[in-house]
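Should a chain be cited, it is by its letter among A, B, C and D, assigned in written order, with residues numbered from 1 in that chain.
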């Protein structure tokens, strides 16, 4: 132990993980979890935790979630409308163009258009926030990793991100080009957010976290829809879940380039009680919205 | 405009920044700011915005802040105790060891010890959170940029991060070594948080954001104290402010290697109405705590 | 257009995405991609790009990758040993404990132990870096989102992260507890890196990016192994890929709680030419290492 | 110790920071630092570390840096032109408009215009990259924290970010508005990068890190210029330095709202051997460029 000026350095009681430190925090945490668990056993509902986030700033509503906590079982998720954001992910023209060229069946990504539209129609009558994501690159491709350009060039037989679309829809997945924009069927309306991202995920290279933390009010729960199920939707869901957001995937509002991957992506979410969030569908979501928010 | 499957691509109404998009959001935002401004003109208080964060989960209290909105003027900041975190930054043994060797006057960093202690004594009687930061490196220096090791080697005449302290206090600024730990006078108690960081800032390379977002409840306002004013305290304040946290620096609870830099760092915070947050001191903070939380 | 002091504000030539700006950058980018593509067509090899990263600092070696660029085809990936990091992800005791309790077949996660061991044996004779990841929480659970504790409590019939393991292996997935540590078969050796992370991914809440950017030298290519294929391995792969790292998954060095999800996770990587990276296996990786690095 | 399947859990040799783990890494690190230090003592030059980053991809050049390692001393920094990025930070119209209104002397920010211009003229003849930053907000202010809008409203007597400029220059600091753009004197040219950021710093809420990591080639050294010295220039410098970038501030290419804060911000960089990087000026930078790159 050394004394320099007024500072005592090298206290003997060097931090120990256990049992000394943090004691108060873990006790409160386990207690709160126990209380929530006790209530869940009675209600089968993952209630909006007002002790954690405060009283609702909108209206509470409940959505049935499937295969939770285990396959074949049903639970309910409760949300505060004012603290819920609805994500419509990458419903952009270039997906149809590119997957079509690469030989994938675009009927799989046609499928979610109408269910998302139905949800948007309902959500727009509430105080939920809507965020539209768009994957794509700066016109100079400066935010496109070389490997990404390269591998797409190889698989696309010469056509990659930033290449001119032979069908006349402009440079592929490039900001400012028609094919980069959200498809007309699901176009944003005033008051909604648009997030341009260069990756499959969004939290590293876009301002989505800045937006979420600074919304009026900041959301706690997220509804995930869009394409593709196993790529961008899943990546954003994983990132958001890691930050602590409560995520709900609407399965019929998603689609992929491959039916097996789509199904597996949905199943992956449900493992271990909901490792990345919960799964429901547009019908049950709409029932929840209509029963409580209208 | 192209139709592929059910998707319409290349809508003519390509996103325009103005005047079409986002209209609802900006109107609400400017209205909320106007309302807050109108109230501030009456109360000179930056009130806790319940419409944004919900009703208080602890108790509200007010602290007088100086030179705000302009030099010579006084305002008040209102906080919710349960959503306030008190940061004690880098009050670690190695600062005294290293600055002493480098010829700086460690009386400048002695000065904040007692004021921070006084604040901690008061804060520990409330539901405010306490976070202790520690700058330092993995024992293998794996998280220490080469330039950082190098420049410190040059200025330290051969002694750098990870070197054995000639005075017997272990490897300098290395985790697990006595000199890396918080000084005894300000040692954490159970229920408080310790954040080890490899940089001057904390939000990139530590789990501080994860902690803040997942506290019970997540803080909205931060109290900043520690050393050094112009380096680590300022960097963390800048990062937190950019994320949207409401930051309050207690000036007598900070110190630097240089008196001019200390004073300028405080002044820098106050520019342009409080560009990085607000400035007060331990006495006014304690008055606020005692008047409202005890 | 306004002139204030020496500044001219409001130039008419407001930034346009196209066709004015960034022209040089996109031309160089498309040219580099074209050159790499031309060479790939001759060699079927994704060569280490020395024009991008500089001359090799170790030795070049090649690994055969499967189903690339499309299913049924084979390509080669070339790496610089000194700029390659080998990731062993979450091979921790608590996985066996917890999945066993939850009724999953732990043979699926037994399977990768020996293949990873074989790779580690070979890698340790080279200048490749090794990083061991561990998912788990601070002893106070401060970095565990409430939802994560909660959902695991529900699915675990009362046993969650931080709970005492009824079998006597300490608090589950809690740092400092035996079950949190890497299993003995794959234990780190001196000179390797250990990254503790609170999420499924690692780039947000740990210092992995700091480590990668500051290694001697910084890696450009990553080898991914560990558990579970569809959860932590995939999340880390997605994050790294988004940052621009060249990722290679060794499929027999991974395992999951579910065989279908494991297979689909591997397939998902291969879509669209390798949307998250490439897939190979331990045998082909070892062949590449042995042929070039020994 | 427990055996489940093929996994052995709870090895007795739980990770210890010292002396067991990481041994190889620290030895190499200290050795590399020692070697660099030995060479520095002979050359007074912080050489470009080819063992770390590879052989130069452009040309090496040297710039004299002042007050390094201590005040009154001089050293040299060596850079690889192809791995150097020149940052021109926030040289936007709204700074002049807003500071003028707030009563600050805009001569202080006039001063760096010509020195930056001189540097840009020289840099544009080399293979260095140029990045122009712009602080400002989405037209809907969605990325503007409420506190930021609020405090600027208070200090600006009702005029804040997003407000209409009474002088007719559009909404203040709002993307797409003339006052948000770079001033004409320092306008970007094709092949340069523009980064829009919502904060004082840039690494959290913009794609700057994505750009840097994916440039052809990725820079290791950064030249910092722009306004204001103590706010945005310093914040970006702190962030970049924490990530391990080698930063060089050109002091006459910066300016602030306050002369004391400007001087102190420069002095702060020089403390402790260069805690955030090095300081030089346009003349010495141009000498280095002209002597080696032309």
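The rule we apply is simple: a residue touches a chain if its C-beta (ideal position, glycine included) is under 8 Å from a C-beta of that chain, and two chains touch if they have at least 3 such contacts.
Bear in mind that the values here come from a model prediction, so they are computed numbers and not experimental data.
*Asks:* By how many degrees does chain A turn when fitted onto chain D using C-alpha atoms, rounded in steps of 5?
*Replies:* 180
*Asks:* What is the chain whose Cα centre is as far as it gets from that of chain B?
*Replies:* Farthest from chain B by mean C-alpha position: C.
*Asks:* Distance from the CA centroid of chain A to that of chain D, rounded to the nearest Å?
*Replies:* Their C-alpha centroids are separated by 32 Å.
*Asks:* For chain C versus chain D, what separation do you get between their C-alpha means, in angstrom?
*Replies:* Taking the average C-alpha coordinate of chain C and of chain D, the gap between them is 29 Å.
*Asks:* What is the distance, in whole Å, between the centres of chain B and chain D, each centre taken as the mean of its C-alpha atoms?
*Replies:* 21
*Asks:* Which residue numbers or ranges of chain D touch two or more of the other chains?
*Replies:* Residues 21-25, 29, 32, 52, 140, 142, 144-146, 176, 193, 198-199, 204-205, 210, 213-214, 216, 243-244.
*Asks:* What residues of chain A sit close enough to touch chain C in their complex?
*Replies:* 17-18, 21-26, 29-30, 32-34, 36-37, 40, 46, 49, 52, 69-70, 102, 138-142, 144-156, 158, 160, 162-163, 175-177, 198-201, 203-205, 230-231, 234-235, 238-239, 241-244, 246, 257-258, 260-261, 264-265, 267-268, 271-276
*Asks:* Show which residues of chain A lie in contact with chain B when the two form their complex.
*Replies:* So the residues of chain A in touch with chain B come to 1-2, 4-11, 13-15, 20-25, 28-29, 32, 51-55, 57, 93-94, 96-97, 100, 106-107, 109-110, 113-114, 167-170, 176, 178-179, 181, 183-185, 187-188, 190-194, 210, 213-214, 216-218, 243-244.
*Asks:* Under the definition above, what is the set of chain B residues touching chain C in their complex?
*Replies:* On the chain B side, the touching residues are 140, 142-146, 193, 198-199, 204-207, 209-211, 213-216.
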